[in-house]
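Right after this note come the structures.
You will see two complexes here that share chain A, one where it goes with chain B and one where it goes with chain C.
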Partner chain A sequence: MTGLTLALVALVAGARLPADTGHGPGPYDIALFGTSKVPGVVAHARLVYAPSPFGIAVTADGRARYDVQITATGLPAPSTLGPYTTYVVWAATPDLTQWRRLGSMSNGETTVGHVDFNKFLIVITAEKTATPSARAGPTVLHGTSPSGWLQTFLTHPMFRGVY
Partner chain B sequence: MAQHDSAAAARHGAPMAGMHGDSMPMTMPIPMPKGMKMLPGLMGLTPPVTPFLPGGGVDPMTLPAAKPSELVRMADGDTLVLTAMLVRRTIRGHHFVMYGFNGQVPGPLIRVPQNATIVVRFYNHIDLPSTVHWHGVRIENRYDGVPGTTQDPVAPGDSFVYHVHFRDAGIYWYHPHVREDIEQAMGLFGNMLVDSPERDYYSPVNREAVLILDDLLMNADTLIPFGKEGPDFALMGRLGNVQFVNGEPSYALHVHQGAVVRFFLTNTASSRTYNLSFSGAPIKVVASDVSRFEREEWVPSVVMAPAERYVVEVRFPHPGRYGFVNAVQAINHYEGEFRAEVDTLGLVTVDSTPATPDYTRQFRTLRTNAEVIRDIAKYRPYFDKPPDKTFTLTIRPRGLPLATVQFMNVDTAYFAPVEWVDGMPAMNWLSTSEQVRWIIRDDATGKENMDIDWHVKQGSVVKLRIFNDPHSFHPMQHPIHLHGQRMLVVSRDGVPTHNLVWKDTVIIPVGATVDLLIDASNPGAWMMHCHIAEHLGSGMMTVLHVDPK
Partner chain C sequence: MRGTLVVLALCGITATAAAQDPGVAVRPFDQKHGGSSSVQLVAHVVTHPGAWKLSDIEIEQDPGRPYVYASGFTNFDAQIYDIQDPSHPKKIYDWTIENPELHRGIGAMDGKYFKIGKRYYYAQSYQFMQGSPDQDLGAVIFDVTGLPDTSKVKVVARISFPEAPGGFHNTFAYKHSDGRVLYIATVNEPYALVYDLGKVVSGADTSTWLVGKIPNPTPFKQLGSGGYHDFYVGYDPATHQDKFYGAGLGGYSVWDISDVANPKQMFTITGLGMDIAHTFTPSPDGHYAVTETEYQYTPLRVWDLTDGQNGTTQNLDLPISAWTADWRDLAHNHEVRWPYVFVSAYEDGFQVFDLKDPLNPHTDGYYYTCECQHEHGFGGTPDNGWESTVSVEQGAFGVDVRNYDGLIVLSDMRTGLWLFRLDGFKGWNGHDYGQANISSVQDYDHGPEGAPPHAGQ
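Up next is the complex of A and B:
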């Protein structure tokens, strides 16, 4: 593999080259993407450790515990999407088998929590109440935790002895 | 590297007179975690350093066997003779030449009353220069034990007299400040337990236990040698594959049902951050490095970076066995997955005899420490002031193996805020302090490490902001230690700390911004450095000069 190809692989993976020390998205940043229900919305999320006397909040088995700070602009009133009153933030495992309601949110900055999955998705839906037991309304925003970017390298040429 | 910086690195990470081991073969390969493979491009490589192990080939059977730590109660004015020496340790049935203070691993547990001053006559009988640093103790500067900053290194065969004054109650520790990656890892560490004159400083408990945690990297029957010229494992620090509590591979404690035990925990490992718990027994965190917390808290586990201390109380409600475990989520970088990893460090056996007295009621009470709150209140007016100084933590590689560089370029989609295990042991092993420069950078001047010129007035309250750059070549958490002062973590990533405690060592995860408030009350030249021994040995240190009023 050439250096150029490697660089392309790195860039596709969202990586930066060694000399790049600019302050960009880090291990706590989540880009949130709007669905067709909410054209024009701009949103992102940032993970912050849940309060802990150790500075780093983890579960007894070592999973990080985060609060999620969500910043959004351009969200329409939920009622414009149907019989809904609020937007609710959910965390789900990548296989969608486990869901956790984190709280409700609106335009501006909202902090909800906690989430302690190793890898997870953030999904924001319009709901009839702020405390539904399960998702029922339409999805308006979604994103992937930074840990979700972890990829296998076992098929990479490096492991076939190219380098 | 600037000349000043080179001199400092020479003391912490470069060759020293009296080192041996030139003819020792470098052990190959190093142990790889289950399911992990070495990059083909790294096979056959060894770190570009001369292998070093203590003793220069002396037969371990000619040395005294290391003894467990012995309690030494001392009063104001007492004198202790502390000798760093070669000892024999037997691990997994194999005998090794290692180090110990007074023939003990850990070294003697020094128990003193608060405000006492003791004299320690230190003799260096090992094969490296050494010193003793009194970690966390707000000591007179000339006794801080930092070669080149507060004293000359103590050559093999020489001695030094320390006067150690204990201003604060709590749990502290002592260790060398020369080639910590070798001397500390090979057994030179011990605790100091400082008793407050207040009878109810802590809640009543049935038992107290002082636990020092560390680890050791070895193959089936050999130690993995160190680098003579400077540390290897410079990327992540040396994470061991054998865990120790108080120098033993398995800790055991026997208590009665319902007993409340106060544990004084110290992490002396070179690089490992622990996540400790007791099989679901309730844990209350009481104190940390230099004080009690404002408020006691229930916690699911205890997160402890290198050099940190925590005081916790644990109640064992039912008869049976409770594992003392370190449970973390490791990352398999090759498969891109998390993997739960649990090490049982010891067992607490609980019999069915009820513990007496019964301290259940006191245990269930979360105390508020008004004295701590009052003390910290004096500093609250400074919490929101702009930072007086801003540092960025980063790394500069130079001449690492091509396969390492290429892999790091690709594997940058995600860096964990905390690396709990060594997920890339071969790459880590092959990196030395000559190829990796860890950096504390002063954002205002661009100066790095020992070139930073940092002076403050005694009595000032200094706000220091530290940012751990997540976009560097290999970002990693850093436990930053400041000598001789105490500090508060007032916020992390802009979120104010909800329950304050005085600290001397603070973990800064990858990508995090931490605001520290330093009580610069103790005059002198004080090191601030990463307490991952290999990062310190790769340059990651600076000096805070607290100029007398």
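Up next is the complex of A and C:
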């Protein structure tokens, strides 16, 4: 194996997981917020590129394709919330008109995917089955893709206290 | 010049100090309960279970429609109360944004009812933040004609402004002298938006809804993008002008918006201490005005607008007097029913003072509604429950007055909905005080008093 090939392999392998800058949440991290259904749960997500022979996965029209690594602690058994058996991860566009089921998750680390929306929400619900066709159960966690924060809110006065 | 400014500032302080109620000791924070003998508690409703309950409040003015609209703030809902029996308000309707658990922001902020033809509507403003659904949503419009039958309440329109996400913080519904009902909204841009509500509720093409933008000549660029915070619009029968009184965060400005598409700036109020210029409410004749700046320890200021209104000066910078409930706190919104000023005074609850002598404001009554710990007000983010350890922004947020009988409604961020009466205040009509009958209350059937009849009236 030549040095060039080794470099390419390393590049592809490295592209699956964006570098950890060590300075707190980065441009691939998603803070997940618990709802009142699950007080005490702590969770976050990280976007990783979906598997691809080209290192960075994109759709034919150029949108990035991600998998979502979710780390959670403190989630109660779904059955404690009602007639539910599992937690299901969804991706939704910000206007909530398009929903995509990404997979099931539980406490610990789970990787689900893929998602290729430009801006999106991650929503985790309790469901009766692992493969529901539509979201029906209660929401337990949600967060926004880093791309969803790219708005002109940085100096919006009304969110610095109430005024 | 520096010396001149110091002298001017001292003059302002002197005028301010002389105008406050003299010799009144401030009450210890832990003793702020109950009220003065002049204020009668009619009812109190705890509207929500959480730490934060309401933002603004609106009461309908027609005797046959006893309805109060409460903005549910971070609860994201709009509530309607039937106060046919004012001592027993009954919640009859509660609408919440779809998928509320996925939203983040300060939510349902300001509500205004209005009437077009024979139909009544309610506009609930919203503010959702970066990364939340509906971050471009400004207001949801309901047809409430069928009340008290809530099955007939319908959402008929939603106003969005994607060019500047963040929603509408404050709004004002105004029956313009040209006959249109206008909806004026703050936005995170250096202007106020003016919508034609007739077009909004009729289902007209959304591109026709926005009929004007009023520039903000007094931005406060340290905060936001230079937008307004709040405003009042009133007709001036003496000059036959529709006048916009804007609080622009960096100062105040008055505009002639008789031609809404071509607003004309008249004068400004800028000067020392005008940071976070928040609210601006004139007397019916535009002679005097009350302003608020949103920072702790600041009083409400009282202004003589004469030299600005008659064109003698382009800018005013010295108030004639000031009023505060407690210098350690901050008063928030107010409604002027000249000479009375009804105040939602945050930690100091409901307060009312009068400007019978504008140089010497006089407190007429109060009722403490916050029942809260000093300086533990609103702030931070949703992740810490919006709790702060420095803010006095908690307690009485909004106030409104029903003109035909003087009933007062107040929304408290911590404790919910309150109804009061003030001894001797049986209602308000400007004529009783030698003024035009002009306040924030609109005559949707006839238009502003003193305005020439408009086409179609």
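Just so we're on the same page, the second predicted complex is superposed on the first by the 129 of 163 C-alpha atoms of A that agree within 3 Å, B and C clash if a C-alpha of one lies under 4 Å from a C-alpha of the other, contacts with A are read in each partner's own complex, and residues count from 1 in each chain.
Rule of thumb we're sticking to: contacts are C-beta pairs under 8 Å (C-beta built on N, C-alpha and C of every residue); 3 or more make two chains touch, one makes a residue touch a chain.
What you are looking at is a predicted structure, and each value in this text was computed from that prediction instead of being measured.
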Touched partner set for A:94, first chain B, second chain C, both or neither: second
If touched residues of chain A are counted for chain B and for chain C, the larger one: B
Partner chain in contact with A:136 - chain B first, chain C second, else both or neither: neither
Which superposed partner A:42 touches (first chain B, second chain C, both, neither): neither
First, second, both or neither for A:77, with chain B first and chain C second: neither
Partner chain in contact with A:121 - chain B first, chain C second, else both or neither: second
Contacts of A:53 with chain B and chain C, given as first, second, both or neither: first
Touching partner for A:144 - first (chain B), second (chain C), both, neither: second
Contact residues of chain A, present in both the chain B and the chain C interface: 148-149, 151-153, 156, 158-163
Of all residues in chain B, those that touch chain A in their complex: 37, 39-41, 275, 277, 280, 285, 288, 293, 297, 299-304, 310, 327-329, 331, 333-338, 340-342, 394, 397, 402-403, 405-418, 420, 469-473, 489, 492-493, 495, 497-499, 501, 506-507, 509-511, 514
Residue numbers on chain A that touch chain C, as the complex places them: 33, 35, 92, 94-96, 121, 123, 139, 142, 144, 148-149, 151-153, 155-163
Of chain A, residues touching chain B in the complex: 6-7, 9-10, 13-18, 20-24, 26-28, 48-49, 51-56, 58-64, 118-119, 146-154, 156, 158-163
Residue ranges of chain C touching chain A (in the complex, touch as defined): 55, 98-99, 101-102, 104-106, 127, 129-135, 164-166, 169, 188, 220, 223-225, 227, 229, 249, 276, 278, 294, 378-379, 382-383, 388, 391, 393, 397, 413
